[in-house]
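Structures incoming, each one as structure tokens.
Two complexes, one shared chain (subunit A), two partners (subunit B, subunit C).
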Partner chain A sequence: MNQEIILEACDINKSFSGVQVLNQVHLDIRKGEVHALMGENGAGKSTLIKIITGAYTKDSGRIFWKGQEVEINSLKDCQGLGMACIYQELSVIPALTVAQNIYLGREPKKGKTGLIDYKKMNRMAQELIDRYEFPLKATDIVDSLGIGLRQLVEILKGLSCNSELLIMDEPTASLSGKEASILFRIIDALRRQEVSIIYISHRLEEVYMLSDRLTILRDGKNAAVLEKEEIIPKDVIQTMIGKVVDESAGSRKTLTRNTNEVVLKVEGLTRKGFFENVNFEVRQGEILGFGGLIGAGRTEVMRCLYGADKYQSGKIWIEGKEYVPTSTRKSIAFGFGFVPEDRRGQGFIPLLSTNRNTALTNYDIIRQTAFSISSKEELEMCKKIIEKIDIRPADPEKQVGLMSGGNQQKVVIGKWLMRELKILIVDEPTAGIDVGAKDEIYHILEELAAKGVIVILVSSDLQELVRVSHRILVMRKGKIVKELAEGTVTQADILEAASGIENQEEVAG
Partner chain B sequence: MNKNTIRKLVSAGLLLILILIFTISSDYFLTLGNFMEIFRDASVVGIIGIGVTMVILTAGIDLSTGSIMALVGMTMANIYRYTLLPIWVMILAGLLVGTLAGLFNGVIITKFSLPEFIATLSTMSIFRALTYIISIKQNGLITSQALKARSFILLGKSVGGIYYVIIVFVLLAVIGQVILKYTRFGTNLYAVGSNIKAAQLSGINTDRTRALAYVITGFCAGIASVFMTARLQSTTALLGEGMEFNVIAAVVVGGCSLAGGRGDIVGTLIGAIFMATLDNGIYKFQINTAYQLIIKGIIIICVVVFDSWYNNFMDEASRNKKLKGVGE
Partner chain C sequence: MKKKFSMEKYSRIFILLLFIIVLTVIRPKSFPTVNNISNVLWSISVVGILVSGSIFVMLLGGIDLSVGSLMGLSAVVTVITIRNYDYSNKGVILGITLALFVGIAAGALHGFLVMTFHVPAFLVTFATQSIYLGISMVLTNNKILSCLEPKLFTSIGLGRIGPFTFPIYFMILIALLSFFILNKTVLGRHIYAVGGNPEASRISGISVKKITLISYITSGLTAAIGGIVLASMTQQGMASTGSGYDTEVITAAVIGGVSLVGGAGTIQGAIVGAMLVGLLNNGMNLMNVPSTNQGLVKGLVIICAVALDIMQKNEKKVHLPFSKKKKAGGNV
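Let's look at the complex of A and B:
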């Protein structure tokens, strides 16, 4: 390993309206290493990255690039030095082709005419794609690509600048197992070519597997810098959250209520183009996990079940009677709760307060006064929920858009806890949420199940599926391909079923 | 086949159906002379449509184009009446005013972050009012102003049976299409309309890109005004009233998405001919003006409904394909 330091950030301080977000933070990156940056949400990772890439200005501190002090005031400065950032939110442009996206803003031109040389651009892009064996064509229009492939386009964009440092912020958040394994291979190849990578991820396994070194931030301060051989998973988590993690959390569980009563039964549910002939049963108090890759059709099944989309054929039985979900309103009144996959986009209204957000689905049970809903009762119900699941800040009037991801999700789940629930569907409930909040959300789900509520958990986080669910169904290409019952379910089992056996080796490697 | 190509064929198909209906129902419709008239009308709409296509590609809108036409026309009328400047200077001054009006739109939209709709709704009123202020009054009444210079009137005429305005439109359309497809500015327009955040992160000056689209629209409205007034040999404060509707309709019928990022000049060309054919055909039917407007309104609604249905349909189709193709 080369010991030359390519980027060094020293004593970085940054505060927003009086709150110190970064406090004397230090980060150094060696040439050709994969350096993981970890920390809970709000630990200051994003702020640090934004300072390095010129999106924010630091209050004080110095940044060195290859030993020279530099001022980075814009993204252009950052790119000029040879850094590229692959963003968490997808920053590709659907209307353009893969090649146009890669070379956006620096298209090769034809001689003096000033016109774009498409031939050259497509050739350059295709060479780049082929070099890393991406499953893409330079002339594909991005609009027609799935989310995972779009992310690969973004990575290509970073690679195309011959960058010496790539910053990857949650790069696998929306990738399928196969796509992620391609990414890991690319990261390995880049490492061999002496490209340094700052790798930010909530998926601990990935970090252990990939990184050469690890910097942990906690509450805006450096908590630890670890060499590869010093990285011990349990210690890392503890350093991140600063408290001891429940050890028994990973063990398998059995149904608390020993009932065999089937409450929900789905028969031959089909929505053309999304899923086909989906059959499953759920017993009272059971947490049923749904595994599979992005685009396998899990979310779509749940949306139909909840009445948000229409299906073409199939039957749904609840407590022995046929149930036809014609609208979400009907489903809510019936006892459904639904926590959507896209938290920010579909889960809550960012500009409204916690209070209003939790009341939104519950106006039918909040007492009406002569002219309006009782805002007092609304507030009281909200306070109860805040206390029950520890939403922070514990202020019902706080705008949800300004809260951390974990607390936002608690608001989304919290609004369902006000009701008499029969079935709660949660779709990727902990995506992008820090470890502490994850645990709390698991506890909420387990508590509900213990009370006899059916919980359906859709998740791409294998650890989560294995840990929380009693039983796991795996979907692939719109079909349920495997049922993994209680007992010895491992993450590998799910992955194998989800991606088809042919990918097993890649994933393992 | 590409989704956008199919969409364009649909537009062209609609146009053919329209022509077919009018041909069957009127003996006077399918004649060379009538078609020249249609193309002539389509050209004025189409010239402005080139600019508006760029604006709509960025997910913007421009409602002030009709008012810009009037302002340009009245500026030229004033120069013609009160100065001895040569005609070409008069035209250039007119185009300059149009371009500046577009620049004003672009600046207030980008620098003050005004919603495009509100900004151009306001300037639609402001530019029209300015036209009234500078229009020449006789006995306190605003009258139409003559623009009868021989070299100017010539612009409203034809050469070899083809009106100059058609030639200019075709020329500008080609230039516009090349700009969209083969220049960075063109790519930037699509990028801004499709995902403005990503465009910013890619180092594109999104404000300048958007503003430039309005500037071009102002310039195009100026050109349209020159040919319109040359044809009328005069101008009034009411010139171009309702023009913004025809232009936006043409652009949308041509397949431009109001959400931005999709469409091009070829589509707008088809759309402009479609709108002109509709006007012409309805006129031949001798339908009351009020009903003409209703028919036009309904057609716009149908096209937008179709667009939304069509997009869903195509998305579904591509999803089906992908679902089968995963992992293979």
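Let's look at the complex of A and C:
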């Protein structure tokens, strides 16, 4: 291992309106290492990265790049040094091709004319793509690519600048197992070429597998810096959150069949191009997990079931009667709850307060007199929700768009909790959320199930599926391919069925 | 959680007070008189009525450019009906009813086109603007139709209680109604939600179509009311009677802090915005700024106001998913 330090951040302090978010934080990155940065949401990871990339100004502290002290005031400064940041939220432009996106703003020109040399650009992009075996073409329009592949474009963009340090913020959050394994291969290749990587992820197993060293932040302070051989999963989690979580509980579980009466029955549900002939039934108080890769059709089935999309054929039976979901409004009145996959795009209204967001689904149960809403009752309900699931900050007037991901998700879930639910569908409920908040969300789901509510959990997080579900269905290419209902179930079982290839996808988290 | 004093929330009131103080100091004889204040309020009353409805559309991220010519059509329809019924009170009631109906129908058409074909509101109302103006011209043969009777009609715009004319009371009433709907009813909550994120609203069981339709109808309805009031004020029906009001409405709303991409803004803000514009006009008149220069000054003030507003918002670093969001109300 090369011991040369490429980036060093010393004694970084930063506070926002009086709240100290970073307190004497230290981070050093060696040449050619994959350095994981971990911590709960709000621990200060993002702030630290934003200071390194010039998006925020530090209050005090020093940053050294290859031994030289540097001032980074903008993203451009940071790129100029040889760093590239791959963002959690995609910044690729859908209407352009892969090559156009990669070379955006620095397109190769034809001589002195100033016109773009598309031939050269496509060739350069294709060479880059081939070098790391990305499943892409330089001329693909980004809009035609799935969300997972778009992320790869983002990574290519970073690679194309010959960067010596890549910062990856939750790179696998939206990738399927297969796409993730491609990414891991690329990370390995980059490591061999002495490119350093700062790797931020909530998926612990990825971090153990990939990283050479690990810096843990807690409450804006350095909690630990560990060498590879010092990384012990249980200790890491404990250091991160300061409490003990039984991690092994998530790797395998013995399932027993639920024998309650069947409440929901789906027969031959088909939406052409997305899924076909989907059959399943769910019993009272059951948590039914849906596993599969991204694009397997799970989200689409759930959206049809909920009434957000139309399906072509098939029947839905609830409590023995046929149910036709013509609108989301009808489904909500009937007792459905729905937590969508795309939290920011579909889950909440960022400009509005927690209060207005949690009330959104509940105006049928909030008292109204002469057309006027009882603001008091609305607020009371919000306070109850905040208290019940510990939304932070506990301020009903806080704008949800300004809250952390975990708390935003709690708001999205919270708006269903005051209702008489029959069926709650949750799609990737813990994507991009820290371990502590994940646990809390699992408890909410378990509590609902204990009360007799049917919970349908769509998740790409295998550990989560195994840990929470009472029974698991696996979808592949629009069909249900496997049911795991009895006996011991492991993450590998789901993965095998989901990918359709045995033992090849073990790396996928 | 300490409650922070929101500068942004009250900044417009401060500017309004500043305006009033400055004008009182430099024109102590002509500005702070009941007559002058009544004049200022009268001059903004129609804009106040219009913005009370148009704000619904703006909150959805849409825009209604047809307001001015729809006012013209409403004025023309009212006056023609009154004239055809021999200036009788019956004619007034019928004319007003008809004009209101025209406003509702036009709004419904806008909402329908925006919703069904996903045509941007900008384009829809830009096209209908021309259509309404055309219809008015055909109806009036492009002439000014005067209408000095009956009293029931003329008192709408010119009658007064105390020092204030009726249109001021209409503005207050309609703005209060708008305030009530936006702040106290489920409809109001839904409008802000749809404007902020239509897809999340749909997932939460809100009928985005219904909300869009209602909002455009409201905007059409207030345009019709504005047209009737203006016809009475001027005692005539003319195709181009409302020309310029569409931009006045947008100006008032924007100065009042209503976001043109939807989801944020209040009616009280928009009314204060209208007052600021009214005071600016009044101040310039009192200071004998030649009318040839007034447009220039007004434009500069609007740019400053909007720039200030955006700077304030950027400071808060609100990250909004503009690119991902598909607007139900249609983008500007």
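Everything below uses one rule, namely that the second predicted complex is superposed on the first by the 486 of 509 C-alpha atoms of A that agree within 3 Å, B and C clash if a C-alpha of one lies under 4 Å from a C-alpha of the other, contacts with A are read in each partner's own complex, and residues count from 1 in each chain.
Going forward, contacts are C-beta pairs under 8 Å (C-beta built on N, C-alpha and C of every residue); 3 or more make two chains touch, one makes a residue touch a chain.
Everything numeric in this text was worked out from a predicted model, so none of it was measured.
Shared-chain residue A:Gly273: touches subunit B; no touch with subunit C.
Shared-chain residue A:Gln368: touches subunit C; no touch with subunit B. Of the two partner chains placed around the shared chain by superposition, subunit C is the only one that A:Thr328 touches, whereas subunit B remains out of contact. In the superposition on chain A, A:Gly114 makes contact with subunit B only, not with subunit C. Shared-chain residue A:Ala95: touches subunit B; no touch with subunit C. Across the two superposed structures, the residue set of subunit A contacted by subunit B and also by subunit C is empty. Chain contact summary for the complex, subunit C toward subunit A: residues 1, 180, 184-186, 189, 192-193, 196-197, 199-207, 263-264, 316, 318-321, 324-325. Considering their complex, residues 308, 327-329, 331-333, 338, 340, 344-352, 356, 359-361, 363, 368, 371-373, 375, 393-395, 399, 401-402, 415 of subunit A touch subunit C. Those residues of subunit B that touch subunit A in the shared complex are 2-3, 178, 182-184, 187-188, 190-191, 193-195, 197-199, 201-204, 261-262, 316-320, 322-324, 326-327. Chain contact summary for the complex, subunit A toward subunit B: residues 75-76, 79, 87, 89-96, 100, 104-107, 114-116, 118, 141, 143-144, 146, 157, 178, 272-274, 293, 295, 297, 477-478, 499-500, 502-503.
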